[in-house]
């Protein structure tokens, strides 16, 4: 089989679209944000990506029906002046090897390039190692112009964070995207790193909504955040640092 | 050499055949069941699969003769009305890397697709982490119709099991099979996960025999199950949870 | 670069040659034996194999000159009636991944097949986990005829050893060789597994010399064996099981 | 994408150029030396190498601008009689798998071969496991002539070091370079292995400058070395062997 198999389900024509990427990673921030966005905007799936760089795994839903792990591309056309057409990349996994990461990112960029994408936003978490009450959104970008623009939306560009750079899809889409002539921004919500963190995802989406002039009702995400915070509070009371496994994954409706 | 090398030993023409897969995995349930089935039905080998995705290993039989590890395809034509032609996949190993899992599964599906296979049953174990007296058979499938059909044969479709999905060949044949237009069912026998478990394999085969209208004498498997249970009972008496290594592998006639 | 790069240094024409393989492995038995054999027979190197499946490593000799790790093929023509032309495979490493093992073995077999090789002897060690005073030579083969033939030379074909089969080049040359129509024998010298074991290599070479009607002076190997035994005796006295690292590798003249 | 993607930014014509390689490794000696050299000589970048054999990572500079990890080729033409044109290879990483090491080295050598390179110097560290006050420069080479030449510049060719050979790019450029008909020398600065070691890099550059008749002002490197030594002294006083993580990486201006 092909290393990366992209199944186009609908031929779409988009006008100067923006790619928004949010795959699993630190605090599930990027995944929570991108999944929420595609649902809130009622985006339409137009391509499914299977790959030998994903785990050999199927998910089973509550009715017993299986689904092969995948990444998925959605689109949503602008609905008013000042908006842009969107392509949204969501998925179950990032590539599970360095080579897989490069190959998957490159193939998605190639497809997006053909669709006219010249601008990318990647959504991610930034692990602080301690609970963060009011997560800030840190940034990285491909050009000083993008940096200045993002600062207007409250994004922090810190001299020290992220110190060692970005590892994984959120960084790679920026780095490889440059080779396709794309300008990009990575938005990183601060998070403890211990929980799936809808509060951080919310912070990231607030910035993205401003940057892309989107109307996104964040109340459901807010509710999820409050639920997590209640659970976290209980852990704090019992004076135990929760293990990553203890996070109430199932309740977050990952697979929306 | 080719990544996956399929040596066709007999050109077979089959009528709307069903693929049954049973490779090594949890409790050896799938392997025990599929090996038993192909022997009980006197199925005929028609293809041998070698691959660099298997370990670089040969087995040596009691006469000192070696055999390179492989997967093998058998067929067995219907012998009475109401039966279907069968293709049975057995083997020494699943692919030992995620890429190998995908590539091997895809190549077997491609070949089976050419043989006319449009329906797949995969056989597997489901680890409960404790001894199971009367193993139930859990299911997963590619469509609601299959789910309903399997429920009639006593298969359990549970909201919670398997929670994280299926990893390995038994799930992948369902997931990749869908891309070939195949409808599939995974039958998972409950098992402790500590022993090779012929009792669980027996439960799986009882369901499969009903679904495919097969006459399979399960008495030898029953005898093996009793032997294992005697050994397990001794472990329980000595109050020691047996290690996986302690299982009496050699006595199970793996390489039938 | 090619995955496996075979540099032919001399075009040789051989008459019904036999391949003898001895690469690093348990107790270095196969490597010690094959290296000794090619030196004792003054065999001539005709091909060097480099590969990305070897470690990215060069050796530095005592004069400061480097040599990229490799496998090497030597030949030695029959010098009297009753002998056969020989191809001898020696080297620094086996492939360091399962895929590399398959690919390297296959490419060597392909080349040997073109040279007319239809018979293979692989030399290896068999780890007993305890010191072995008089190592026996265990065998595995591709046919009952080979088994019977080897029994005449004192090779043991045991019902239980090797229980789990053979892993690595010595087994793979038999298994993949069959796909090239070659008949093969694996000769395994018993060894503790703790030391590089020239005594075991000597036992293996004695069998091989009989089988191939070779005159090989084993006195230098015998001297090495005695040296190792003196060192082992000291370890025994101090009642310490020597670690594999403690073996006096450097003194064995690996890179003859 | 290609496994190794070399982006030529300037077509250069060089006269009998020498390749100098210095990538990350033991004590960062090679990287420190090659980075310093290309800055001191105001060398010009003419090619950037991206690869799926590097980590999927971008670096973020103090302004928030990202850069995909890469290796980079610089050139610097001779400025006076007795000098040679230079190609300098620097980078963020060596290939992160054995296969990647081979492939990356081979592709760089192929390009350099086309540029006329027939001579290579690789720069590396040699870990002594203890602090080294006055690091010597150890050598390895492809020919006795090179060994003799290097001895004149004070390079030590020791019977015992490096005992097990060289692993990684610095060795591989010599080994694979021979297959391209290139003569090469590896210069290894002694280092503790606990710190990034500009003192050792300085020692290596002194030898290289003599060998290639280069005027390189080493005062900045000398200043860095003094700074490291002050830090090391403090560690020694507190009687604690510093962990590799404790090294003041950030202060060394790696990404010059």
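We call the chains A, B, C and D, going by the order they appear; numbering starts again at 1 in every chain.
Convention: a residue touches a chain if its C-beta (ideal position, glycine included) is under 8 Å from a C-beta of that chain, and two chains touch if they have at least 3 such contacts.
If you're wondering where the values come from, they're calculated on a predicted model, not measured in any experiment.
Asker: In this assembly, which chains make contact with chain A and also with chain D?
Answerer: Common neighbours, chain A/chain D: none found.
Asker: Hey, what angle do you get rotating chain C onto chain D on C-alpha, to the nearest 5 degrees?
Answerer: An angle of 90 degrees brings one copy onto the other.
Asker: Taking each chain's centre as the mean of its CA atoms, which one is most distant from chain A?
Answerer: Max centre-to-centre separation from chain A belongs to C.
Asker: Given that chain B and chain C are copies of one sequence and touch, is their interface built from the same residue numbers on both sides (over half shared) or different ones?
Answerer: different
Asker: Where the centres are mean C-alpha positions, what is the separation of chain B from chain C, in Å?
Answerer: 38
Asker: Please work out the Cα centroid separation of chain A and chain C, and write it as a whole number of Å.
Answerer: Between these chains, centre-to-centre, one finds 53 Å.
Asker: Counting only residues that touch at least 2 other chains, which ones in chain A make the list?
Answerer: Expected reply: no residues.
Asker: What residues on chain A touch chain B, complex-wise?
Answerer: Answer in residue numbers: 1, 5, 7, 50-60, 62-69, 96, 250.
Asker: Would you tell me which residues of chain D are touching chain C in their complex?
Answerer: Listed in rising order, the residues of chain D that touch chain C are 95, 98-99, 101-103, 105-106, 139-144, 147, 157, 159, 162-169, 171-172, 174-176, 178-179, 186.
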